[in-house]
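Chain IDs A, B and C follow the sequence of writing; residue 1 opens each chain.
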Amino acid sequence: MMDLNTKQLKRNAFRVTKVRGYTASRIRVPGGHMQSKYLVMLHEIAEKYGNGTIHITNRQGFEIPGIKFESMPEVNKLLQPIIEGLDINQSDKGQGYSAAGTRNITACIGNQVCPYGCYDTTNFARKIEKAVFPHNLHFKIALTGCHNDCAKVRMHDFGIIGMTMPQYDKDKCVNCGACVKKCEKKSVNALQTVNYKVERNEGKCIGCGECVLNCPTGAWTRSKEKYYRLTLLGRSGKKNPRLAENYVKWIDEESIIKIIKNTYDYVEKYIDPNAFEGKEHIGYIVDRTGFKEYEKWALKDVKLPEIAEVSTTMYWNGIKY
Amino acid sequence: MGYSLNIDNMNTVIKKWSESYLIYAPKCFEGGGTFSDTDVVRYGQIENVEEIVFNKKSDFSFKEVLLPISETLFYFTEDSVKEADERKKKAIIFLRSCDLHSVRRLDEIYLNNGFEDYYYKRLRENVKFILLGCKSSFENCFCVDMQTNKVDSYHASIDYDGESFLIDNKCSDFENDFENSFNKKQDVIPSYVTENHVKVNIPDNITLDIIKSKMWDEYDSRCISCGRCNFVCPTCTCFTMQDIFYTDNGKAGERRRVWASCMVDGYTDVAGGGSYRKNNGQRMRFKVLHKVYDYKKRNGYHMCVGCGRCDDICPQYISYSNCINKLENAMKEVNEIES
Amino acid sequence: MKLNHNEYIPFLSEIKEVIKHTDIEYTFRMSYIGNVKPGQFFEVSIPKYGEAPISVSGIGNDTVDLTIRRVGKVTEEVFEKYAGDKLFLRGPYGNGFDVENYKGKELVIIAGGTGLSPVKGIVDYFSQNASEAKSTTLIAGFKSPNDILFTEDFKSWEKNMNVILTVDSAEENSKYNVGLVTQYIPELKFENISEAVAVVVGPPAMMRFSTKGLLDVGFEEKNIWISQERKMCCGIGKCGHCKVDDTYICLDGPVFNYTKGKDLID
């Protein structure tokens, strides 16, 4: 006779599967990057308690299916070195994950590998993870290194896009035109040649770094400070799937973390008390309260960089049924 | 005269020098690299010896000190011209053997080759060179084959053994500075490399027939004509004139010259829209033959000094030294066609 | 080291006269005192736009003629200048033609389009001193009757030498010959072709076919001279743009004997 609290096991990052008696263990990997030794540990769990397979999840985690419910404590024990190794906040040691609502924070490979990456995406993902996890609220956060948005962050509640503020040393510019051509072809056409030197349209520039990447003399360099674009409240799902809208351009790390944390307070205040399983996309809540109310909460005690540009109107479209 | 100096004494010398010289050396610009969170080593002014990067090859050469990337030649109005002022101070440049050899190439073009270049000369004659010894070869260096691994024409040399700075001074202007601040007198021979990992073979039977070789074709698609190879090269000397205007009516402004690259579009454009060497392979051929063939025909020695920076920097991983090593077969290829 | 002359600083020269040839081609007669040879060039600068190398198309006692075609933005500005205005010049640069090479010889000058400018000094010389050459023939080709340069000069040249003026195309019943300059080469008659000399200047393809035509009829390579056009940014062997093989067109040229010029492959 099996007597299970499904609500509890879900919060412990196990799943109620279609196969009666069997669960699946969900492993979070903030920033989607880890040492390969953890794969060996996952392999052990799958072999010993699962059915020998591992699913790579959409959110850059792993799911080990075919685990008997009664093995959950054993699996949690084996998960412990992974949880600790990936520095996941945990309330009870040895008891597995302390929450599952706030999903794994995903990231493209970022500047550790990718030439386009404007920052270390994994590192920032881990920082956010430390700030927000464990939490049962259904938050989806994703990071991408640059405006190519390979991580498709616009389908998340919080999308973080890396930017660099291009620094131009005109005395090093030889007017080869590489930056102007590449900005036009690959980016937003924010550069033009004036008097053999380059002028940057600050309003247009999205800080993608193409000018820096293509400058053969180092006339264009990256800003010391790292900047981001924060996009808000994209989502997939049954009701009104929609892409995130641009919220702040040239925002800094600290402000992003603060805004996300503030949003938890806002959701706790305004979430539909009758939401199914306590789960409601933030966007629906904002639709209900209006964006201005959300913004009041989100920007509380946030000190944006001087150059930050905040969108004054936010309007989401998307598919409506 | 040879000396050994500790850091403090070396900095005393540098401080003394900075009273009358601008001191340029390879230094690390943190975050200054092309990619995020990468550094660049290039020439800049230093105030103390710790700023000098001893353990890496600089990404760009010293040449921007003698040939500024963008240099104002004169200011003009509608009917008058005023020459740009020269640098107020003399300069000291810390550089490696290959780069010091390249100074001869710069001199060849700018002091000889027809007219004397006024602007180069006035910088050049106020420069002293301090040789940075090379204990071991860096990646892509091939100075030994280009016979630029050793050099005598320095004013002083410097080697850092992890504790002390070893100096060989040949310049009477520096003598007092070292005599006042040394820890030890000792014989010093600047270190130099005797072997590189990269070897090049420049055949001596090159003729212009090599233009017909198929070896150049692969570069048509591989090369992106960005010009990085030229801009990092310590021997490339080309520039383009530019007129800059302060006013809309164009009656006042300045004429500059900026570095030019024979790999970049526009280099050969003539009035009316004509241009030469449209394919990147032809540009590669033009550049490579200049470095190891036609410069020598004109001046008696090779232009290339084997610093390997072009190989270090190419974003498409085109190796110039590897290209040189194809020349022998290319000559065989074209000779066979001829016969 | 003693600092020498700063060759980059231009000097002011007054426009004495503007001669309009076509809508886009004018000759500016500039005040200039000094040695200058046909085929040499000046760097002409308009502060608003920059410099352009312009070959000398005529030489007076205290003037030089600079024939400028309105191509590119530099030369467009020059066209707004009038007699009495001034231009900044540097030069003359380059080797130029040496008329001594052609004296006492059967001389053929083949020019295409604005290529007539650099050789015009030689044409003028042997027009004024007809007896100094054994014979002089000028074959000048232009795209159309509207493109013909130096129309006034042709009138005097025709009196003193054999002139073939041809256009690539023209309306029917035009008074001009229609055809490429090359087609007239086989028709030329020489007393001693191995001693005959030729000067060829024009667009690259025209020069290639003309020199080939001359060689085909029996000219010796050493008796042909050509003038090369390249981007000459500094004019003084520094900027590198005009280098071909080991040759700096601005210093060693732009005039080359064909034995050397034939190897100038880009």
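Convention: a contact is a pair of C-beta atoms (placed from the backbone, for glycine too) under 8 Å apart; a residue touches a chain by one contact, two chains touch by 3 or more.
From a predicted model like this one, the values you see are computed outputs, not experimental measurements.
Looking at chain A and chain B, not one chain touches each of them. Comparing the centres of all chains, each the average of its CA atoms, the largest separation from chain C belongs to A. Taking each chain's centre as the mean of its C-alpha atoms, chain A lies 45 Å from chain B.
With each centre defined as the average position of its C-alpha atoms, the distance from chain A to chain C rounds to 68 Å. Rounded to whole angstrom, the centroid-to-centroid distance between chain B and chain C, based on C-alpha atoms, equals 38 Å.
Across the assembly, chain B contributes residues 240, 242, 245, 260 that each touch 2 or more other chains. Interface residues of chain C, counted against chain B in their complex, comprise 1, 3-10, 12, 45, 47-52, 69, 71-72, 74-75, 86, 88, 203-204, 229-231, 233-234, 236-241, 243, 245-246, 248, 250-251, 263, 265-266.
On chain A, the positions that touch chain B within their shared complex are 111, 115, 117-120, 145, 162, 164, 170-178, 195-197, 209, 212-219, 221-222, 224, 226.
Partner chain C is touched in their complex by these residues of chain B: 73-74, 76-79, 81, 83, 109-110, 113-119, 121-122, 125, 208, 211, 237-243, 245, 249-253, 255, 257, 260, 262, 267-274, 276-277, 282, 286, 289-290, 294-295, 297-298. Residue ranges of chain B in contact with chain A, taken from their complex: 29, 31-32, 34-37, 40, 42, 60, 68-70, 226-228, 231, 240, 242, 244-245, 256, 258-261, 264-266.
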